[in-house]
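Structures given as structure tokens follow.
Next come two complexes built around subunit A: one with subunit B, the other with subunit C.
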Partner chain A sequence: MAQATSPPDEMVEGARPVTGASPAPDAAGLGRARATGFLVPAMVLILVFLVVPAVWTIYLGVTNYRLTGLAAANPEIVGLDNYTEALGDERFRTSLLLTLQFVLGSAVIGQAGLGFAIAFALRDRRGPLRRVVEGFVLLSWILPSSVVAFLWIALLDRDAGTLNALLGIPGMAWLLDYPMLSIIIFNTWRGTAFSMMLYAAALENVPRSHLETARLAGASTWQQLRDVVFPRIRGHVLTNLLLISLWTFNDFAPFLITAGGPEQRSEILPVYVYKVALSGGELGFGAAISFIMLLINLVIALVYLRLLGRRKESA
Partner chain B sequence: MTVTTARPTPATDPTGERPTVAVRHVLARIGRYTFLCAVLGFFALPLLWLATAPFDDTPTVTASLPQFTLDNFRTLLDNPYALSSLLNSVYLAGGTAALVVTFAALAAYALSRVRVPGRDALLYGLLLLSSIVTGTATMVPLFELAFRLNLIDSRLGVILILSGGLLPAAIFILKDFMDSTPTSYEESARVFGASPLQIMRHIVVPVVRPGLATVGVWAVANVWGNFLVPFLLLRGPDKAPAAVIMYTLYTEGGQADLRLLSTFSLLYSLPVALMFVFVSSRYGFRFHGGIKR
Partner chain C sequence: MSAKPRHAAGVLAAFTAVALAVTACGDSSEPAGKDAKNITLTISANAIAGGKNAAGAEWIEKWVIPRFVEAQQAKGVTAKVTFVPSGVDDEQYKTKLALDLRSKGGADVIAVDGIWVGEFVQAGYLKPLSEVAGDQVDSWEGWSQIPESVQGLGSFEDKRYGIPLGTDGRVLYYNKKLFAQAGLPADWQPKSWQEILDAGAKLKALPGVTPIQINAGTAMGEATSMQGALPLLVGAGGEIYADGKWAGASQPVKDVLDFYTKVYGGGLGDPKLQQEAKGRDKSFTEFAAGKIGILAEGDYFWRSVVNPKDGIAKMADRDTTVGYAMIPAKQPGAGIRGQDFVSMSGGGVRVLNPNSKFPSQAWELLSFMHSAEAVKAELAGATRITARTDVNKEVLAADPMLNFVAEKVLPITAYRPPLAVYPQVSVALQEATADATAGRSVDEAASAYQKKVEGIVGGAGNVTS
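Right after this comes the complex of A and B.
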């Protein structure tokens, strides 16, 4: 490690022992100065477009900054007014609650539940059935969100939607009557692939013989899951839940289907911020909501990294 | 005596139990196939329309067996923004992928081979940052930033913002790749007097090519479907990528042109679908062992 402090010139070349096992042997003779140069372009982009926005959110959140009008020219610091206003705002609280429903329903129950169920049902299968099922699930994951959003609008259409035609209930307005349920099922459809693949990989770590033994001993599927499978994939379950919760929490795709409506009944936080800040022009207030979102993201990410660190140590 | 009378009972028990185990086994099988069929139906149902409508003489929103025709694709040529938006998508995805791969490779190489002070903290910070700072949580400052830097309605602005967001994860992926490649080639090249840049170009790049390809494909897929950033930053339809044009096609007033909408969504989806088929047939699209992201 001390080598890294040596100057990046040829003089050290002969003196350098062959230390292939050391973590950073600087085999190319890059040297610290040039290495820093290699880092700079990436770091500049990250700094400008990731760090600055994050910090700026904090500043904007305590101002009364607006897109137009007097407060646009000279924004004033208003302290925590935006936050107290938000917490007292019915629309914000509803939005937070809807987001919670969205994450719980579509990520935790929908994606993780369905993803695990599919992976478990396919665990010892090879061949066409597995490929077809996995193929369709993955396809729904990789298609562009604005295409997929329209596919769902077409599917759920009141007058000519395929779903109503299949169920024989024309005139059922899913998106108007059940907007939240619609986007929860939509997001389940869209995101299950990740959980399915993660659990498929996890289930390969469960020894087949253990499951076989449990089955021969007469354990029901539920008992096998609880006593044999789950204890072995607990880490994967946690990882999966944290990641998909984080992604779902920040997901903007429901905007493409319901745009938060009708009557803000599907207005999850990302859509709420967009409408308040960029359509409504209340940039300061929107930034305060964004900062609350960042804090929630931070908590989830810290738990995830803590978990990751522990798994790396034990590995 | 007691032993012999006791014998038949345990003997009948297993025979009495075996059928129930077998029955349960059959039921479980039936249950499993029913479930898988339901899953297949659920995931295939919304896709039906995408598969049929583009080829239907008179497409409706209901998925149905098409009156086969290829005429619908001609409507794409009539729309002023359809094809140019696909080109815009290519431009944005290509630009971002090039930037991300180049910058991430340089940074990952430096981090992998030289002990930059504070490296571990830097990597940890990057990973944390990239997962908490998302477009949806920072749309206000991003909009502000683009405005101040004169990047509103600029495709370069979209490329830079998307690159900034993708770089931390890309550096992470590539550093893993580089850590696992041996340094002996580089050492011997150095003995023969190759300069660091020569080593980078002629040895490191070829060796980590699979990693570069992975990151490139991943970046393209990310940008190709991204709606929010171009939606926020690009004003006119002439610069908008397919993601935004697709949205305006079905939300902008009046009756949506279903011929145009269906063919456009198919054409827009095809590149990522093909890329996915290519990657999965070449490298196998699944996770192995420890999952990081």
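Right after this comes the complex of A and C.
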């Protein structure tokens, strides 16, 4: 080995045996000053880009701050009025309900379900079929949202839409008659790739022999999934659901297709905040709703982390 | 261990570079302010080559900028003028401007809708022209050419904040070819709402034709108010704001909603089109394709939408196919001030950014853009009622449509209240038209509207019902 000639002193600093009155204060042996020096830039970045905006949002949320007009020049503190107003507002509650539908439909059932189905169906396949399927799924994931939105509008348009032409039913207004279903299918199509890849990797962890044993014992596909596959990939499932639920909850892309319409029937929370805060100019009220969204995100995350933790305990 | 110092040196070098760049921008050895020899100015407008208001964008890029730069050069000043185009919905453009101005940024000369001036001033985003650019503002030759009423578009609380571009009027456009097929006169002028509905009923017999397009709902934004609800409201003898009070669920508002139910409930209009995210643009395309019989719009439609030269939905046969008529009151004499016909007007304004680094030169640019010569160049081919009487006198005669609006429509027109709370009331009104279009009863839609307006303007005491 090349290291053979090195004197023993040149060992990694942290591994140096503690001698005399100068104990190494930390594992990396940096010393307090240098460690602080390393940490400060990260802390400053976190402060500037995370903490300050969050505090600013909380502050805005208790004011009547607006984009234009007198309230823009002299915002007044209105306490929790924005929060009580939001929670009492039918439009907010409808929006929250729509968001939950959207998350459940497109993330939990759509992306995770379809992603797993594709990964499971392709688990033993190699060669061109797998590459083509994966290629298409990935393509829908990596294309820019604005491009994809344009394609979907062209597909679903009432007068000149491709889908209507294929089905021979001109004048069917998918985006107006089924706005929520349209964006759920859109987001499923768009985001399945992540779940597919994650599950494909997870399925590699399921020992082939276990599956074969189960199959020899006469287990049906469903039984194999329930008793052999799922217990092995439970952590992956939860992690995947956590990530895609949060992403979907905060996803703005449906705005590009339906703009929240018609009559607010696809106005999920991110679109609602955009419309209230930017189009309507009510920045204070918008900030309050953003904060409520943040809290809901936290709740979602906590629920999943709880489940993950329970898994580790039982493991 | 030499890595760290090298990093530090790199960081130091970067900082120095930035510092040098910053000081280079504001080099103190050069004369600054009014006597600056090197100036940079930007112009912002909701116009873009090949898209929205393409003619305006072209005028700024190919006429204004080169000529202004040339004129400055003659004075020994190197000017760098850039145009920041936008091609978005008016609401989005407004948001962008408000955010720009709020963060002390934005272009030096900015085109805004006249109705925004009040709320921008109240927010502290705009300052009176003479405060930004000094005494040279009041001595500008152009003011004497702009009628007092038109100057009002750029004023708020008796102070000038911008120079108006001109004003506009609203009419009913109709497709003469479709009218001929439906057995309607080529020279059409309805005298009541009923006559519009009657014409619509006849057009309904034509296959694939939507008889009437009157903007409704929130997807169209302010276009619903300007081209739909408000002209109807003044036609029913009501005003959105009068004597310190906002119109609630009053009889005129109910009349307006009733008209919407008749159009969209009676199969005379396409309710789905009012819900589509790009419904207004689609209605333009459909009109140009001969699929819409009657469409209510401002003169913008004539000069920028179906304009055979550079419209966004060109109609090569515009001059022979597209007819226009005044918007009638509910019945003759039922409009505000006892009028038989009505219209709403607005207009664009160009303002100065109070945060401009070269306010004096920005004013030079702004006033240059409003000189008679520049305004005439801006018209080039298109037709528009400008703010300047001298220019109008020259070009009015050239276009029958322009003449029509200037002579028949402008004398009977009405304006929106320049108050910051107006946009919110306007949205409430748009929502009420959406309700009526979607089939809710007039009373339901009106009482929901009343409730929203009370919330917006601070209680029932400020609302008439």
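To be clear about the criterion, the second predicted complex is superposed on the first by the 252 of 315 C-alpha atoms of A that agree within 3 Å, B and C clash if a C-alpha of one lies under 4 Å from a C-alpha of the other, contacts with A are read in each partner's own complex, and residues count from 1 in each chain.
One rule holds in what follows: a residue touches a chain if its C-beta (ideal position, glycine included) is under 8 Å from a C-beta of that chain, and two chains touch if they have at least 3 such contacts.
Since this is a predicted model, take the numbers as computed values, not measurements.
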Check your understanding: So, does A:S279 touch the first partner subunit B, the second partner subunit C, both, or neither?
Key -> second
**Study point:** Touched partner set for A:L308, first subunit B, second subunit C, both or neither
**Key:** first
**Study point:** When both partners are placed on the shared chain, which of subunit B and subunit C touches more of subunit A
**Key:** B
Review point. First (subunit B), second (subunit C), both or neither: which does A:Q101 touch?
Key: neither
Check your understanding: Taking the superposition as given, does A:A73 touch the first partner, subunit B, the second, subunit C, both, or neither?
Key -> second
**Study point:** Which superposed partner A:M43 touches (first subunit B, second subunit C, both, neither)
**Key:** first
Check your understanding: Do subunit B and subunit C touch any of the same residues on subunit A, and if so, which?
Key -> 278
Study note, to complete from the structure: Contacts from subunit A onto subunit C in the complex sit at residues 66-70, 72-73, 158-159, 173, 175-176, 257-259, 261-263, 278-281
Point to revise | subunit B-touching residues of subunit A, taken from the complex the two chains share | key: 1, 3-4, 8, 13, 18, 20, 23-32, 34-36, 38-39, 41-43, 45-46, 48-54, 56-57, 60, 114, 117-118, 121-122, 129, 132-133, 136-140, 142-155, 157, 160-163, 165, 189, 197-198, 200-201, 218, 221, 236, 239, 243, 246, 250-253, 256, 269-270, 273-274, 277-278, 283, 286-287, 290, 293-294, 297-298, 301-302, 304-305, 308, 311, 315
Check your understanding: Where on subunit C is subunit A touching in the complex?
Key -> 91-92, 94-95, 98-99, 102, 116, 119-120, 122-125, 217-219, 272, 275-277, 282, 420-421, 423-424, 427, 434, 438
**Study point:** Residues of subunit B that touch subunit A when the two form their complex
**Key:** 17, 21, 28, 32, 35-36, 39-40, 42-50, 60-63, 99, 102-104, 106-107, 109-116, 124, 126-145, 160-161, 163-165, 167-168, 171, 182-184, 186-187, 189-191, 196, 199-200, 204, 221, 224-225, 227-228, 232, 242-244, 246-247, 250, 261, 265, 268-269, 272-273, 276, 280, 285-293
